[in-house]
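Shared between the two complexes below is chain A, which has chain B as its partner in the first and chain C in the second.
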Partner chain A sequence: MRRPSWLLRLFLGLPMIYLLAMIGVPIVYNLAMSVQEVTLGNIAAFARPFVGLDNFTDSLADPIFRRVLHNSVVFVLVNVAGQVGIGTIAAACFAGGFPGASTMRGLLLAAWILPGLVVGTVWKWMFATQFGVVNFVLSALGLIGTPVHWLSDPATSMTALNIAHIWFGIPFSMILVAAALTNIPGELYEAASLDGAGPLRRFRYITLPAIAPALFAVACLVAIASLRAFDVIFALTQGGPLNSTNVLPLLSYQASFQDFEFGRGAAIGSFAFVMVFGVALVYVRTLKSEQPA
Partner chain B sequence: MHRRSLLKSAAALATLAVSRARAAEPKKIALWHIYARDFDMIHLGIKLFNEANNGYVIEPRLIPYVQINPELIRAIATDSPPDLVVINDPDIAGYSSQGQFLDLTDRVAKSARINASSFYKGPSTSDHWRGRRYAVAREMNALSLYINDDLFRAKGLDPEKPPATWAQVLAAAEKLTDPARRVFGFGFCAHQSEQSTFQFLPWLWQAGGGIDRLDQPEATAALQFWTDLVRNGFVSRDVINQQQSEVINTFLAGNTAFAVGGPWELPRFATEAKFQWRVAPLPVKDDKKIEASSLGGFHFAIPKGAKEVDGAFMVIEQMLDASIFPQGWNTGGILAPRSDIEIPSPNWPQAYKVFRTQMITATQRGPHPQWASLSKPLQQAIQEALTGSMKPAQALAAAAAKIKPVLAKTPL
Partner chain C sequence: MIRSRHVAQSVVAGACVAIYLFPLYWMAISGFKTQAEIFADPPSFFPRAPTLDAFRYVVERENMGRYVWNSVAIAIPVMLVAVTLSAMGAYAMSRMRSRLVDAALIAVLLLQVLPEALLATPVFIIFKTMGLLNTHLAVVLATSARAVAFGLVILRPMFRQVPYELEEASYVDGCSEWQTFSRIVLPLMRVPLMVLAAITFAQAYGQFVYPLTLLNRQDLQPGTVGIYSFIGTEIADWHRVMAFAALFALPILLLFMLLQRQIVSGLTAGALK
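What follows is the complex of A and B.
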């Protein structure tokens, strides 16, 4: 066996240094901050009062934090189900091919190209109680009697946010699933048709098993993106009313840059990091198992 | 050999030329501001300063409004602050109490161009922390009422006599509310952010209360008043998720008959208001007769570690010169923090008169280093009451309990 050459070491070393400097250092620095009392007065210094796990225990004791943690979990689960589910159905429909399918698919992508702040602002108009198009359509269809206070009622605001964010994310899932669909050999469908399988059964017994690993990977990516969601929420509600749409990244931002409590902000960020890291680990494992043996 | 010495002398010449050029080059002052609109008076101030050839030149950097604190904190943490920065009123104390802004007391006292006694009381109080001055107000604003004359007349109300007491506000709001035409009588901002605190404080003060006494009946009266307006449908419940500019959007669209707003909204009235309008002072509570409004506005501060402190202070002096404030008001609805400046023949003369008078009763928030820790419990109480999840007194008592330990540590 040949010993690794210096060139190999160099090419391995450079990305390692990059990863350590650009990702490792900030993570360690954030963890260090989360066990310190960091104020505007000492933020430039390295030696800051050590407070142990106070920032974490204070956060866990805070009802707002617990509510936001709960929101984050709900938000991620609903978004994964919604985005991947609808994205898969859309991809399957487009794969069927119909006149104008590729144009339609291109148009759908437009949603994904928009900046999150624009998406949030547009949905805020659409969800307006008296003048919003959502209530207008729902009441025209006779589905609601009185207008729904989508964004000004803590009971419905999370649903509104989920709808907006799922709409925003569908094209991403759709594209990845569409790519996976093209890998399924057409003969399988032909054979199944000859055996008398309808479209639903073909989808259930051929399509789904074939794209399952891809679906899982997409689900992980959507989960990570949802855990990092910030701009849509910032434009839509800024976490309100009553923190009913607040999530960990936004709460961390508010603690650091509105309350100037950087230690607490770092602790909240660490909770979010652990969640993202967990999903990322699962994602990396699925990528490995996807590779041909 | 010959070639090498030629190169050497060329290099020497080049160094000389560069150092000469440097000596003549003015020193750069890094100014961070938030004014994206090119008609804002800061751009006039920058132009005048840079044309004065005083040995300095301003290098402005535009930072979006919501990013100014994160950017400044990042700069402080990495020890690379700008020479001069604009900062929002309630945030000053957080920095100055921690020694992150330079003490400007002596410079202002010695300045030939700034007369400290000419400042209104509100902005001057915001600039100070424990008796020392750490910032200089650039501008100020306060809240008043915007009135839609046409809607008032349509309902038989006289816009010449706008609501001046709480009882009149309630009566007018009820009369002006017209669900068939999708018109709400009244509007204010109850957004979950500093904006709702800013908008609620005048009512709290008019009732005789204060943010340090939220468990008192005066505070309850103020929040009960807001709650009744929303619960009765005279104010749209959507104000819970509307920022101040969005409340004024509904006013400009003719869907809100009168609304609370600041003078910074005026520039868009010319093109967007398709009706006759006017500005009226905020009302008083019938039994208390206390006039009050919230004070807002941005201030100049020199961060600790700034390189060109002398130059930065010269910029502050330039920006407070009477010559730039006519543009400030006429294009941006910005009022001078100096009571001795009155703009000749201003745009929107009626609004100018009302807002300028409102300044006298405008009170600053805090100053307090943890202002957000006082403001956020109040925001929550407002939203609890308006959504009906708690009674006003109950919500305010919860807020007072959260505020108490913060004030015990650092009093107002």
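What follows is the complex of A and C.
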């Protein structure tokens, strides 16, 4: 390493200034707004009525906010379990090295590259109560008697959303876990086979311990992605019915852009910022412990 | 024995992949159906009389071309800003070592995770104050920010792999720092930069929250907002909605197929190392 030159400082400075201006400033501005009353009338003014922590206490007292907070937590946990679980199984299967394995694995990623809005729209059509292919397949298999109102019944809407969002996220987990799997020395498996360990035991006693740190990092990334979820939900259910699929970012958007209570939207946003930052800090720590350099 | 087991594995895996990708198939074939066939019970898993009517309808009547053009007009500048700024920053981060750089890296990792839907409220008001609402510039500026942060995370480990000896040799030969960067280092980074360009293009092309909040003039809106307003108005016309969605997703899927291998290796390097 040489002494940092002016060129390197400029190279580092430009993107950092850009990030501070486009993300740092909005975060601070958001905090300021969350203690103000911001309406369409005073939106462009700098001096707005200071309301202290009213936006926060109002939100906390609001049963809808509490429901949405609960939804957010459930949504994140289910998605982490589903995406990382299925992604790990898929990665382990494709690691077998049968003909066409890498091509098939690549094909799966096609789902991940799609815009979230397209994914939500396609699943909305598949989950349609009448003429939807999900209900058709389930009834053809004899699993349901009458059509399920997937998206219009608060009892099933979250399940539908979870299925769509887990589907969207599986390839990402699979690719990252697959990378971790390639780092396990093959001799370990050979030795275990000689000792008579079957595939399930080898997975349990060799694979899982070896990839545990990577799995934790992937779980953090999936949690972050689920806390960011917006497009799929917006296309699929708009958070409804009766807020049964609403999550914090969507509630914040609705407060700001549908109710025009920007201060409340900012306060809800601040809650969610804290949650995302919390997970992100854990993720950053796992990176540091994995990489001594 | 081993051979036949491999074949069986391939068949099972192929079936799983086919089931997984069924939603993409369903999107595509729904677009080729007529309205009567869309509402057939039981549904047909292969269009009985494939027709391009729905595709023609969305191109001619729903301004598909303008929506795609707007998406591209937003995605290309985002891609250029992201690749340029993050290549510079990632190079600097890989060549400097100080507390400041460590702090910058952690800041980048944290900024990268923030949900756009939460930033939309302050960003909307800031751009409104600046009079930038209803411009592509506003969407490009807001969307690029996360793309730059993402690029820094992805590219930094790549730049670290460039041996410093190469640069020393270049200095011995009398090259300036800028020449070393642009003529020695950047050409070596061709593939990672291409991957980053492809990913940021795809993400900006699919960006929804910022155009939804910052653009309310329909002639400026990209395809994501177009699909959304289309579902709102024509809820029953699923063959047309699916034709719109399939046409809109097509460029991204093609781009992905071209660069699939490089994208996979680029992603894994950035996220876990």
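We adopt the following convention: the second predicted complex is superposed on the first by the 268 of 293 C-alpha atoms of A that agree within 3 Å, B and C clash if a C-alpha of one lies under 4 Å from a C-alpha of the other, contacts with A are read in each partner's own complex, and residues count from 1 in each chain.
Here, a contact is a pair of C-beta atoms (placed from the backbone, for glycine too) under 8 Å apart; a residue touches a chain by one contact, two chains touch by 3 or more.
Here the structure is a predicted model, which is why all the values come from computation and not from measurement.
Novice: Assess the superposed three-chain arrangement around chain A: do chain B and chain C clash, or do they fit?
Specialist: Once chain A is superposed (C-alpha atoms), there is a clash between chain B and chain C.
Novice: Looking at A:Val284, would you say it contacts chain B, chain C, both, or neither? Reply first, second, both or neither.
Specialist: The answer is second: A:Val284 touches chain C but not chain B.
Novice: Just to be sure I read the superposition right, which of the two partners does A:Ala128 touch: chain B = first, chain C = second, or both, or neither?
Specialist: A:Ala128 sits against chain B and chain C alike.
Novice: Scan A:Asp153 for contacts with chain B and chain C and give back first, second, both or neither.
Specialist: first
Novice: Return first, second, both or neither, reflecting whether A:Ser5 touches chain B, chain C, both chains, or no partner chain.
Specialist: In the superposed model, A:Ser5 contacts chain C only, not chain B.
Novice: Return first, second, both or neither, reflecting whether A:Leu138 touches chain B, chain C, both chains, or no partner chain.
Specialist: A:Leu138 contacts neither chain B nor chain C.
Novice: Could you look at A:Asn30 and tell me whether it touches chain B, chain C, both or neither (first, second, both, neither)?
Specialist: Once the two structures are laid over each other on A, A:Asn30 reaches chain C alone.
Novice: For A:Leu242, using the defined touch cut-off, is the partner it touches chain B, chain C, both, or neither? Pick first, second, both or neither.
Specialist: In the superposition, A:Leu242 touches chain B alone.
Novice: On chain A, which partner touches more residues: chain B or chain C?
Specialist: Touching more of chain A: C.
Novice: Under the stated touch criterion, which partner chain does A:Gly41 make contact with: chain B (first), chain C (second), both, or neither?
Specialist: First partner only.
Novice: Using the superposition on chain A described above, determine whether A:Phe260 touches chain B (first), chain C (second), both, or neither.
Specialist: first
Novice: Just one of 9-17, 45-53, 63-71 or 261-269 in chain B hits chain C in the overlay; which is it?
Specialist: Only 63-71 shows clashing C-alpha atoms.
Novice: Taking the two structures together, which residues of chain A meet both chain B and chain C?
Specialist: Of chain A, residues 43-44, 124, 128, 130-131, 253, 256-257, 262 contact chain B in one complex and chain C in the other.
Novice: For chain B, which residues are in contact with chain A within the complex?
Specialist: Where chain B meets chain A, its residues are 69-70, 73, 76-79, 94-95, 98-100, 182, 191-194, 236-241, 255, 369-370, 372-373, 376, 380, 383-384, 387, 389.
Novice: Sort out for me which residues of chain A touch chain B in the complex.
Specialist: That would be residues 39-41, 43-44, 124, 128-131, 149, 151-154, 157, 237-243, 253, 256-260, 262 of chain A.
Novice: Note which residues of chain A are touching chain C in the complex, please.
Specialist: Residue list for chain A touching chain C: 1-2, 4-5, 7-12, 14-16, 18-19, 22-27, 29-30, 33, 38, 43-44, 90, 93-94, 96, 98-101, 104, 106-111, 113-119, 121-126, 128, 130-131, 133, 136, 140, 167, 170, 172, 175-176, 178-180, 214, 217-218, 221, 224, 227-228, 230-231, 234-235, 248-250, 252-253, 256-257, 262, 265-266, 269, 272-273, 276-277, 279-281, 283-284, 287, 290-291.
Novice: If we count contacts the way the header does, which residues on chain C are in touch with chain A in the complex?
Specialist: Those in contact with chain A are residues 6-7, 9-10, 13-14, 16-17, 20-21, 23-24, 26-27, 30, 38-43, 85-86, 88-89, 91-93, 95-98, 101, 104, 106-111, 113-126, 128-129, 141-142, 144-146, 148-149, 152, 164, 177-178, 181, 202, 205-206, 208-209, 213, 224, 227-228, 231, 238, 241-242, 245, 248-249, 252-253, 255-257, 260-261, 263-264, 267-268, 271-273.
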